[in-house]
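You will see chain A twice below: alongside chain B first, and alongside chain C after that.
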Partner chain A sequence: MSRFRIFSVWNVVFLMAIVVLFLLVVYPMGSIFQASLLSADTGEFTWGNYLDVFTTKFYRRCLWNSIFLSGLATVFSVIIGVPFAFLTTRYKLPHANILKTLGTLPLILPTFIGAEAWLLLLGRNGILTQFFHSIGLNTPSIYGWQGVVLVYTLQFFPFVFLMVSAAINSVDRSLEESARNLGASPWRVFRTVTLPVVTPSIASGALIVFCMSIENFGVPTIIGNDYKVLAEQAYSEFVSEMGGNPSMAGALSTVLVIVTLALTILQKVFVERKSYSMSALRPPEILPLSKWKTRFAWLYCAGLVFVSLAPFLVVLVAAVTKTNGPVMYYGQFSLDNLAIALQAAPRPILNSFFLSTLATVIGMFFGMAVSYIVVRRRGWSGYTLDLVMMLPLVIAGSVLGIALAATYNSGPVVLTGTWVILVLAYFVRKTPFSVKTTSALLHQIDASVEEASINLGVPPLRSFMKVVVPVMLPGIISGAIIMWVTTLAELSSTIVLYYGPWSTMTVQVFQYIGSGDFGPASAYGAILILSVVVPLFLLNKFLGRDPMQSL
Partner chain B sequence: MSMVWNKVSKMANGLVFGLAALGLTGTAALADEVVLYSSNQPELLDVIAQGFKEKTGHTMTSVRMGTGEAMKRIAAERANPLCDVFWSGDLAVLDNAKADFASYKSPEAAGLDASLVEKDAKWTASNTHLMIFMVNTDLIPEADMPKSWADLLDPRFKGKIVIGNPEKSGSAYAQVYGFYQMYGDKGLEKLVENATILDSSSLVYKGTAEGEFALGITMEYAAQRYVAGGNQKIKIVYPTDGVISAPEGAAMIKGSKHPEAAKQFMDYLLSKEVEDMIFAKYFRRATRPDAAEVVGMPATASLKIFNVDPTEAGNAKKSILAKWKKLVLNK
Partner chain C sequence: MVIELKNIVKRFGQNTVVNHVDLTIGDGEFFTLLGPSGCGKTTLLRMIAGFNDPDEGDILFGGESILHLPAHKRDTGMVFQNYALFPHLSVEENVAYGLRARGIKGQEVKDRVKEILESVQLGDLASRYPRQLSGGQQQRVALARALVIRPRVLLCDEPLSNLDAKLRVSMREEIRRIQQNLGITTVYVTHDQEEAMAVSDRIAIFYAGHLQQVASPADIYFTPANRFTAEFMGSCNILETECVAFDAASETAKAVSNGVEFTFRAKDAEVGQSLPIMLRPDWIELAGDGSVNRFPGVVRERMFLGDSIVYQVEALGRTLRVDTASVNHGRMLEPGDAVELSFAFESPVTVRK
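So, the complex of A and B:
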């Protein structure tokens, strides 16, 4: 018990963590909520903004569109992600490890780049569309909600795949073996033993897909046509050049947060009731399949990977394609756009690296401390910290960005318009990933080991560094990589927070796409892809496993 | 606290600039840095930054954002302005925000029409947008292209037209305002009936070029970029019943931290050399009466121009947008 005296190191750390999260999440979100309760005209208290959201046909449609698109993308992600997880984790497929690594790559591509790339392939004038037309197939354009669902599904299914394959690996072999020995058919074993163990992870993967989809505004803006969603409306109310309505932006943001929060709570209740915790002493056996089954399974997995990585190919090709203004000349090559990105304007590239690295380093230490407290400290305080820490996952990036910008643009600490606010936003939005990967490992070490160290006279902090940190290290490293990679690809909070010279690669790409210049956009996009894939590849070699798979 | 942040921030700024300087560019002479908030495309801003540097030795850094967002930022930063110059935005929007601007009458603006400089020189019009129809001939053959705004109201164009949302975009508002002056309530009703409305005005020309839409109501420069780039499917129609012209302007920010460099930047921007370059390469029509003509684009004098008066457009905004919203919500 000596670890938690009132004035112990950990209490100080706990308090600091709570204060940081309060200042960066709770308080700014509170001010958004407050704005939503004020009338835009008179500044007086009113429920009118919420009334508007639910009574105006237009906003009701946006809300419905948001839920419909995200719901559909979630369903499709589960449909394609779960089989992919099972086939690559449980069965013997040629190069399964490569398939798994490639399967996580869609996560690193900013979604709006994916959207633009798919438009180039399957839009009305798309390369594939024209090909289909030439062989007599009249495929419709994906411009519209279909395209949005396609992009969400292909870019977010790895969340389902990662969660589910981790769960599959935690099913102890003996469980299935005993079921088989008791005479159950393979199908019955799957239904009654494997599936129940995996279900909670399907649910959490699905939830992440849903949250990521509903907060996204880049994709619907680029290929949604006039199919409008809530996140887009909240964002455009905030940035409208005709003078937006901050109260309405607040109300729309709050509705968004309530939807995702409600689902998270539902999922938590559901999972906590059904969760089976076990430590897999013997991971499940990797089964061979018959020749034809292997071929089909492999074709499915490789095909899925190929399709989901098609945007990468488009971006890499477009980056070296000759352009004249917004017009692309496919088949003719030029290094002009890459040269411009590297020479004339290297600043956004340096900014991206500087900001992501700083946010990652801060997040790494913070995440380490928080996961320790969350795991070791049961009861309300650990629970509160866990809840507040995970809150940014359900808040749309643009909403959190707006909240931070509005909170820190006056008063004793002015951060709006500095690079510091970008680092803070990235830090608070991405640290939950680090906490997730780290605490999963922490659950495995018994508190008694550490207590023994303390009882032998080693001070708590040193015991922590000597005993706990080494065990957490793989989780810390993979958490850091996930933070770094997703921060590099981050747009939604950056676009509302960046200032002056602090534009990043994603902002650059988004703006070039917005002005119709896919050539320069792809040049930055290609640099972004390479700067993420190369370190991932090296780490994969160096660590001997895929860091993305520990999420 | 904020002073500490400022210091740290300056250090990091220096660090990154230092890295950039070491690796890729020469070291800059001691000069001011002008920060520009701008809604213009990045490549144009890069060219201007380079030219300005060569001419004056000052660095220009641009932050690209929509005009509305820029006005909001400038207002939010009133106590501590982070930007020196804004360029370019619809005059009506600038006129609304003129309390945040400093008076500066550039010698380069001497030849401009009186309506193109604010009376206290809070803003100066630099160029003007002509509102045109951008047609994708894959979807509307050249022979069937509309010639005028009146043609657009024909039911045969129902569902083929896209326009930006005037509640969200300044250029779309200028289009709707000009059109409303010409065709009134009845016309507006028919236009809304025929058109698809997109939230971002850039999606109008992008979607038309990509073949998702047959005809986009958009700005001349945006469509001309595709024509000049070699997209042969794109044709531009200058409506015969009135080409709406919406000037855009530049303004110096009140309390700018680098006023001298900012003034030099305004002069540079409004000079004949730069205005001609912008028209020739980026197709934004110069406001200067002595501007050169550009091959392949009609001379301003050959078109029937409908000038948008920023004050009147600003005054009518509420009532026109209310009418618009009512029509759209009941569609």
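So, the complex of A and C:
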């Protein structure tokens, strides 16, 4: 009997999922790790590459830069994100819901377009630079680490905000009430009850900010100038025609993965143990503030939203502005840039849509199956699958790109230089989002609901489709939209894996910025921004859900 | 449908949660698996439903093994502890679910859904969704959904544990009534001994994966097989005594506890050995005039429960619980009062283990 069950449908799905993830994550990462242990000259085993990372001044600098930038961005994100979360979640502010929705938007807007936007504002030919110059003031330079940290902070603080805000809402009102009842002052309640309960989520949010920052490729390349980071350098080592060094690229990649992995493990061990998740029956009271405090709080929140989003409006404006290389003639309307993007070279746009849609559809079904197994199958099998599924979250896009490109470059299956490898990379990188949104909902459906269906005579797989999928549907849709929009905005793995005809919008933006053509860059950028914002808007309007809240 | 469980063993890792269980449940019988949480009773029920497979042993329905059948082909109707209603389907659709799975279509589905919903008094709530129903109503939907398919066996996994006390009492009466009307073989899991006594034809008491006793509610109450069963099924006092004389022919034992000699009926005893006896709180009389088994005591606590009064009485070097019926405005004993206690020759049950 038990033997018969081993071949049940979920076991087959589990095995398939494991095989797919092994081929697309574990094996490629293993092979670049292997490459990093071989000497580039002799092909023999050596620790030399790692020795180089830590002894060569240049590489050591890259490592330090990566950690410094990400650390600083993390600190700032916490500093501005935590107050934003408390103010919008716990206090009565006018239009708090709009603030919250807009506050999550920076997460899905492409960071390298954020970098471009700040160049349009504060770069050498930036509109603000020129304005201040005309009144005799010099603006601080946006180039270098300060610009990178600025962009990271403004785009990643919503992770902290979302995590903290969710934690605040999960604290049952009775907890604070009982503290008050025991004689604690409001401040004491905050200090001794609310804050400790929320702290683990601050740490989780901070970790995400750090990982997102350290894996980022576009921003430091665009406005970092000589400020090189690991994600960028691994890529350079890999693609460089002259003196390209796959072993060195492997070593740099491995170091990058180890840094994020180590932090994630630390977080799991020290923070998650202290996480007090409860299902709040009554979410905490929303408190009114005095008139002046309300104004001040509102100004802070609205100001933050404005500063993080306004630069993207500048990109939209720039898309329809007459340009000449990096020089923008604001006020002079022109469709030339859009004409380049939509008429002369529409292929990258179509590519982006095609690749994202395909990756999303595959990821959606895969994610559904994986989250089901992870949630329903306690024990080693569910745990292993969860671990492997989430692994890509700690792997920088450029690193995964390098791993896939190097692995499927030769051998029985050659994928490097085809569009298939782009879809696979997107699929692996973005499916964790789908798994997260779906399993969040799945946790709320008791296993007995499904058992009831089976008990009434419907076979397991059909029971899953008939009673589990309908309940998971909002999560599946949210997950799919997040996957789709973040894939559209994906630069770091694309830049490694794309080839000639399969250039995407992100590659176009990146290359036009590189050559100083801000007009066409903005045109592609504007189309990208709209493609990302519109589906989210529709989802919010018709499903009444903010997909980012479910991450 | 006769259900036979043969030598069932189930292990989860190192734990043996069901340990060599043999049971035969008669056709149309209301059979209850009773025990504290974690005793293996739910696991046993889930093995009948097909959600867990036994590691050893066999399960037979009407003489045929069903172990080769996957859960969805066992044709059992199960009522879950949390009802497990499909949240995205209306009451009607929930109930029709199992019928549709059996390929029944059109008017017959409508008729049968209507009929069963009326029999659980939910006819007017057919188009509601589960979240719009109270706990008791959800419970009825779950019952209707399990019964409408006319299963071979009805399985209930603590179906009333999420309801408040009053509703629990009325629902258990309803379940019993419906079960009697349909004559359906029912296996019912609960940890509530009062509920078990109220509904069951027979009860199987479980502890730590082992079957302790299988008998009618009255037999278990009056003649528990061992100490665990005695203590689990209602409240009881256990007196440690030492046997001083035993006459097998008249089944009479004399035993001493704390210097007092008692005479009572015992099937089996050995002189010089310890002979623990169990006395239900209402088997002990206060200020009794019984001629045998008298002993003094002092009232320590009193709890008035309306229809009865519970006294904690210090006697024989320990505290005994004594229940008495309350008399309309009758005099109650006060803490500190000295009393004479007694129990009848027939009352005690010897409990070993």
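Everything that follows uses one rule, which is that the second predicted complex is superposed on the first by the 528 of 551 C-alpha atoms of A that agree within 3 Å, B and C clash if a C-alpha of one lies under 4 Å from a C-alpha of the other, contacts with A are read in each partner's own complex, and residues count from 1 in each chain.
Just so we're on the same page, a residue touches a chain if its C-beta (ideal position, glycine included) is under 8 Å from a C-beta of that chain, and two chains touch if they have at least 3 such contacts.
Quick caveat: nothing in here was measured; it's all calculated off a predicted structure.
More residues of chain A lie in contact with B than with the other chain of the pair chain B and chain C. Contacts of A:A184 after superposition: neither chain B nor chain C is touched. Residue contacts after overlaying the shared chain place A:L261 against neither chain B nor chain C. By the touch criterion defined above, A:I127 lies against neither chain B nor chain C after alignment on the C-alpha atoms of chain A.
In the superposition on chain A, A:V471 contacts chain C only, with no contact to chain B.
Using the contact criterion defined above for the overlaid structures, shared-chain residue A:L309 touches neither chain B nor chain C, since it reaches no partner. Using the contact criterion defined above for the overlaid structures, shared-chain residue A:G325 touches chain B, although it does not reach chain C. Within the superposed three-chain model, A:P459 lies in touch with chain C and out of touch with chain B [touch as defined at top].
Chain C meets chain A in the complex at residues 49-51, 53-55, 67-68, 70-78, 80-82, 84-88, 97-98, 101-102, 142, 145-146, 149. Per the touch definition, chain B reaches chain A in the complex via residues 1-2, 5-6, 8-9, 12-13, 15-16, 19-20, 23-24, 35, 39, 41-43, 46, 50, 61, 63-73, 76-77, 79-80, 82-83, 89-90, 93, 96, 138, 166-170, 173, 196-200, 202-203, 205-207, 209-212, 222, 225-226, 228-231, 317, 321, 329. Residues of chain A that touch chain B in their complex: 56-58, 119, 123-125, 141, 143, 221-222, 225-226, 228, 232, 236, 239-244, 323-327, 329, 340, 342-347, 350-351, 354, 409-410, 412-420, 498-501, 503, 508, 511-512, 514-517, 520.
For chain A in complex with chain C, the touching residues are 1-2, 4-5, 445-446, 448-449, 451-460, 463, 467, 470-471.
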